[in-house]
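Once you scroll down, you'll see the structures, which are given as structure tokens.
Note that subunit A is present in both complexes that follow, paired respectively with subunit B and with subunit C.
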Partner chain A sequence: MSAAAEPAAPRPAFKPAPPTPYQVMMREDRPSGVFLTVLAIVTLLVPILHLAVPEGHVLHLSGYTVTLIGKYMCYALLAVAVDLIWGYCGILSLGHTAFFALGGYAMGMYLMRQIGTRGVYGDPVLPDFMVFLNWKELPWFWHGMDVFPFAMLMVLFAPGLLAGVFGWLAFRSRVTGVYLSIITQALTYALLLAFFRNEMGFGGNNGLTDFKDLLGFDLKHPETRIVLFMATAVALGAGYFTCRAIVRSRFGRVVQAIRDAESRARFIGYRVENYKLWLFTFSAMLAGVAGALYVPQVGIINPGEFAPINSIEVVIWVAVGGRGTLYGAVVGAIMVNYAKTVMTDALPDAWLYVLGALFVVVTLFLPRGVVGLLPDLKHKIQTLRQRRARASST
Partner chain B sequence: MNAPTSMGMAGRFGGAFGRVLQRRGSSSAPSLDLTHNIILYVEGVTVSFDGFRALNDLSLYVAPGELRCIIGPNGAGKTTMMDVITGKTRPDTGSVWFGQTLDLLTLGEPEIAQAGIGRKFQKPTVFSEHSVFENLELAMAGDKSVWKMLFARLTPEQLTRIDEVLETIGLKDHRSARAGSLSHGQKQWLEIGMLLMQDPALLLVDEPVAGMTPQETERTAELLTSLAGKHSVVVVEHDMNFVRSIARTVTVLHQGSVLAEGSIDEVQNDPKVIEVYLGEPRC
Partner chain C sequence: MFCLQAGAAMAQAAAGNEFDAAVAALPTASYLEKEELAGRIARSAHPQALTLLRGWLEGKLQADAAGHAYLEGEGGYTDALSGAAATPASPDELEKIGTNNRLRKALKGLLAQFGLASAEPGMRIEAVREMRRELDGSAVAALQARLPQETDAAVKHEIELALALAGLASEEPAQRLAAIASLDGDRSTEVYNRLSQMASGDEADADAEVRNAAGAAVRSIDSWRSFYQGVETLFFGLSLGSVLVLAAIGLAITFGVMGVINMAHGELIMLGAYTAYVMQLLMPQNTGLALLLSIPAAFLVSGAFGVAIERVIVRHLYGRPLETLLATFGLSLVLQQLVRSIFSANNRPVAIPEFMSGVWQINDVFSITYNRLYILIFALMVFALLLGVLKRTSLGLKVRAVSQNRGMAKAMGVRTDWVDAATFGLGAGIAGIAGVALSQLTNVGPNLGQAYIIDSFMVVVFGGVGNLWGTLIGGMALGVVNKLLEPYAGAVLAKILVLVALILFIQRKPRGLFPQKGRAAEGH
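Take a look at the complex of A and B:
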């Protein structure tokens, strides 16, 4: 074919500027746009209110509050990871805090190695608990954990490896539904018991604590706290954005198809187990990152983080917020944890009952969670109005 | 025109096979070999569930481009046969080959689907939370690996293909409707559309007109007849009028094996068939 000289199309006199990605997001997916905007504002505002506003001023944010918000953000990232597999692929993991805790332990090991001679026993290499246990040398898996990049790699690798092996076995054998949930629960419980043992080399019952500094910066310094806070906010934003990109890709549509009709997906040629494995492993790594950011902010990691109840709580956050939306997970994690902070302060014994009641109420009356409330109400009012209009016209 | 040049036997069946062959050619899986003019061999297949023989030494051969109807009373083993061919059920004995070279008993469901066998279920199963368009997009032939799907974008040709299929199955106006909100008949059509997108060499269609209006049934008959030739089609159906309207060769299954095979008239006049099936009141 020859390139026939066609008359050039007349150029439009006025060409509106193409919408920015931000405008596109606000139009197509407003909740995500709003969330990322709020996150950006909080990320910039909190440091100013903490560092620039003098103490005693009404607008001053205490170090406690900054850490609290940072903690909530870690939880929110964990909730997003759970929503990614539960809301979009129907994999109800009741053991996701296992991956959170593994990421946390990897970070904890790095922080332990940074203590050096400042420990109670002053051993340059061995952390205090090893000296106490009369160990002579570092176990093999502690080697290299004093190198920050390597430790960060382990934050991703340890949860990723566990999820990969576990998922490969479970998904290949087509373990689904409640059976999968039960074995994830068993997995985290097994890890809880294992990490309690001193011989495991992770500090046993007491876990890892007494951290001094991160990359040479004192963890107690306000500036360090703020940097950690901002890193958490960036991780949450980036994690959210990546998950959003995943669920909006064709991969995401395949995963949702697997959720709704697994065998149909197989019969049109999708290797379901590969899709599940990939998503599950990614989600576990995300949980690991959340755990790694959590540990330096709260200053301790111990086997209690593996407790099955924690994983169930995460599922409740997601259910309360509204699953299958990602932003619902963030809203749920922050709401429930704020309620927990307030409640455990006022009525510590009542919290578990409140949590249970919350789950029941949400399951019965808010199947789409808190974020589904507004659209549902709007829809109800609309149909009511239509019905009334029809009634009055006849 | 710069259409892909199909090679060998594939030329007989037009673009569909050419594409199947090309797709297979790029991966390590063996390609479809039709040198003996048989696309599907089912030989001596026996399947037992807790002592009950769902299939009993069943043998069946399907030629390329053929439209075959399979009838039989309930429990004759029609659905089990489809399960065996698509890899859902493994037989106790027997062999199932796709062309000369593909042993289906060594492959899983996704591999069999990718090799070119599409299946429509008895109960329409579409992805109810996805739109009609997305259902077709998901069913589209091509590389279905994780990495490909993460970065997959629709090409203009693929978009045109989806629009063509939407036109064929009469769901053009429901393009962005949620598949779960479609009527029963429309869901059946959507599932047939998904099969078209998959562009398989062999289509297994389980009771396609169940729950359809007479007009819909007629259109389905037209569509299936038009597909035969380019594709091989195996239809399992209870509706004798429908079978009569499309069938060239009919296979009657009874108690897990083939009772009779031939044209619809031959079969209907076969005393054995009358005894076990047509003589009974319609179920």
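Take a look at the complex of A and C:
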């Protein structure tokens, strides 16, 4: 405006280069920027440390560690999915690992079909457990699962469909709060019981395991594992970025309004149930992706993944990290799982005490989680300084 | 006088001779002869005859080379003829007096006839049942002879049944028809199998009229049986329902009345079960008393834990149900691990006292185990007691007042925080009592509570939060539906179906079967 009003400028005004999106993010949302930067560094560094640094070197990362970090990142993605609906929409799902496990089973089915004649019974079509159960034909839902794109579609579709149907029923009839939490728990419990049955056609008690290769690459090979690791990192970054975009959009602001005052949002004229349904379904699909990436890395999927306690554990990751902040979910997932890895190794009996105490302490004393600690501390120091300054000035 | 005595003595001597002679002939006799000799031994009415025949059947009758018979007992040998202790000259050379199938059958029949003359009605019934397995002419004759003398109604009934069964095998169609008619009203498996054999199949009766009569009788038994099977399913359902009600009723207080989500509720049940276990450890001689005492003990233990949970954790989280859920869930993990540390992760056995064990056999198809029956009654008693506490005592009045309008209750001088702690303690104590009952049905282990927590919540939500009657009816209905589905779907699938149905039901009626009305409803 002002530039146009002055016809002849003696010299071009100093124009700063437009800030890059990265700079914008670092300025407006520093934690997200830091997280994505760290993630990028880890994604690049881990393969180098694993593949390029020779074994025995101090900086060498073992295959075990790579898989462990990959696992943590799957958990982090799951935690982000839970935080998206709990932290931003107030839907406390105690059954989110059901979607995680469904995505995992879809991936597991693809991997089972890839085994082919290398199974114990050597049947070209039927997985081992079906031969063992004396089944003659592939059940209808196993068809097409040997095609990778279709299987990946199912990774999204199966959890999405369940979440869509369940959410449509639940949100339409305005089941909220603890009631919703309890029926999500019942849902995952029902699925747990169902998947334990051999008749379901998902391997019953033992689940799906003995995977050989993915897209023709041997799963035991270090390069394959690194690619899986990087895929997980990319999925986590992309999932995080998408969730961040959602919560910052207009849609996301409505969702947060629903969290804070559902009736008011409804009376203003928003279709609350539609917002909730879309968010819930998206979150379930994200959990499904996390499950699909988890299965080839750990090498097994069984009905135990449906156990209600797993879902509640995810909720505690989010609570520990700090709900309502996506990076908090990531921090919480990694912290708690690292503690679990260390503790179950050193003091297996003490872990449940620690986990239980974590639930109690976090809800009572840390409602904003670990990531809330730092700002709280800053705020306290600031007020203390102000008070001191005021005291010295008078 | 002398004459009479001499006569009796002579008769006894004659019996003795007959007996002695028959026993002496045994070692060398063939199986067919043995059968005849056994009959003679039985008819001799010698005092030793019963012992000898029983010993023979058990393979303890032996004879030496001279033909002298001995019975092998636990302490040593007895003389088969006199029953006095005796030492055979060379025990190694004794030879067993063998039996074969046919002979054993005959011996059993003879023993049963002995039993028929017993003074004990129970023994007589046993004897008749034994004879019914092989109804030959002699058995029928013995039974017919016994019938007019019989005074005990139960024994008489057994004999009549046996005679009717024998009548079914009669040559005369008219007699068979009469037998079928006389069997009308008897539904034992034995009669049912026999009649259905006659009605159709390979061994169907030659006479059409008899076949029809047998068929009609079978059909009537069938409908009677399916009725009682229905009754049995109903009982199993109610039994399962009573367990669900017991597990859920404490939750109906903490969740339903106070609106607090207590995920550690299952662990409070578990603590009650462990209390029963500890009480039995304290008084191992008297399991019955220990069980009765563990009811108040479990109430106190779980109740104390409940009050502590309320004071330390829940109190700070009122109005934040989701946080309460997480905190109490954490607590449940700690309690589980605590029990694992103290009692180990293995299941602990809790003995079932005498009065709780056993089966009440109502008829051939329908029987009730006493522990399930008592637990059903116990659940109803606990329910009635709780209802009484809430409706009739001043504590109950205060609890309801606080749950309906906390601020107003406080203004009226009710110490709300005291009432909160007491209510939570009450709900927790009831959970402990439920644990004692469960210890009689399942294994007591650290995971006991987890198995019931989801079911308990479902029952409370299904019945309608804040409504004790809803919990009772909801729990019983879920139990019965579960058991009704089980024969068609199997246990696991039935449970899944019930869960899915419940999830759908809550969508339709989010406030349960019996929703609260009025202002109190808005609090939840």
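In this section, the second predicted complex is superposed on the first by the 378 of 394 C-alpha atoms of A that agree within 3 Å, B and C clash if a C-alpha of one lies under 4 Å from a C-alpha of the other, contacts with A are read in each partner's own complex, and residues count from 1 in each chain.
Keep in mind that, in the parts below, a contact is a pair of C-beta atoms (placed from the backbone, for glycine too) under 8 Å apart; a residue touches a chain by one contact, two chains touch by 3 or more.
Being a predicted model, the structure only gives us computed values, none of them experimental.
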Fit-or-clash call for subunit B and subunit C when the two complexes are aligned on subunit A: fit
Which of subunit B and subunit C A:Ile246 touches, first, second, both or neither: first
Which superposed partner A:Arg197 touches (first subunit B, second subunit C, both, neither): second
Of subunit B and subunit C, the chain that contacts the larger number of subunit A residues: C
Subunit B versus subunit C as contact partner of A:Cys89, first or second or both or neither: neither
Partner chain in contact with A:Arg264 - subunit B first, subunit C second, else both or neither: first
Touching partner for A:Met25 - first (subunit B), second (subunit C), both, neither: neither
Which of subunit B and subunit C A:Asn274 touches, first, second, both or neither: first
Which of subunit B and subunit C A:Leu358 touches, first, second, both or neither: second
Touching partner for A:Leu214 - first (subunit B), second (subunit C), both, neither: neither
Smallest distance from any CA atom of subunit C to any CA atom of subunit B, in Å, after fitting: 7
Contact residues of subunit A, present in both the subunit B and the subunit C interface: none
Partner subunit A, residues of subunit B touching it in the complex: 86, 88, 108-110, 113-114, 118-119, 121, 125-130, 134, 137-139, 144-146, 149-152, 194, 198
Touch list for subunit A against partner subunit B, complex: 246, 249-251, 253-254, 256-257, 259-261, 263-272, 274-275, 278
Residue numbers on subunit C that touch subunit A, as the complex places them: 261, 313, 316-317, 321-327, 329-334, 336-337, 340-341, 450, 454, 457-458, 461, 492-493, 495-496, 499-500, 502-504, 506-508, 510
Subunit A to subunit C touching residues, read off their complex: 92, 166, 169-170, 172-175, 177-179, 181-183, 185-187, 189-190, 193-194, 196-197, 308-309, 312, 315-316, 319, 349, 352-353, 355-360, 362-364, 367
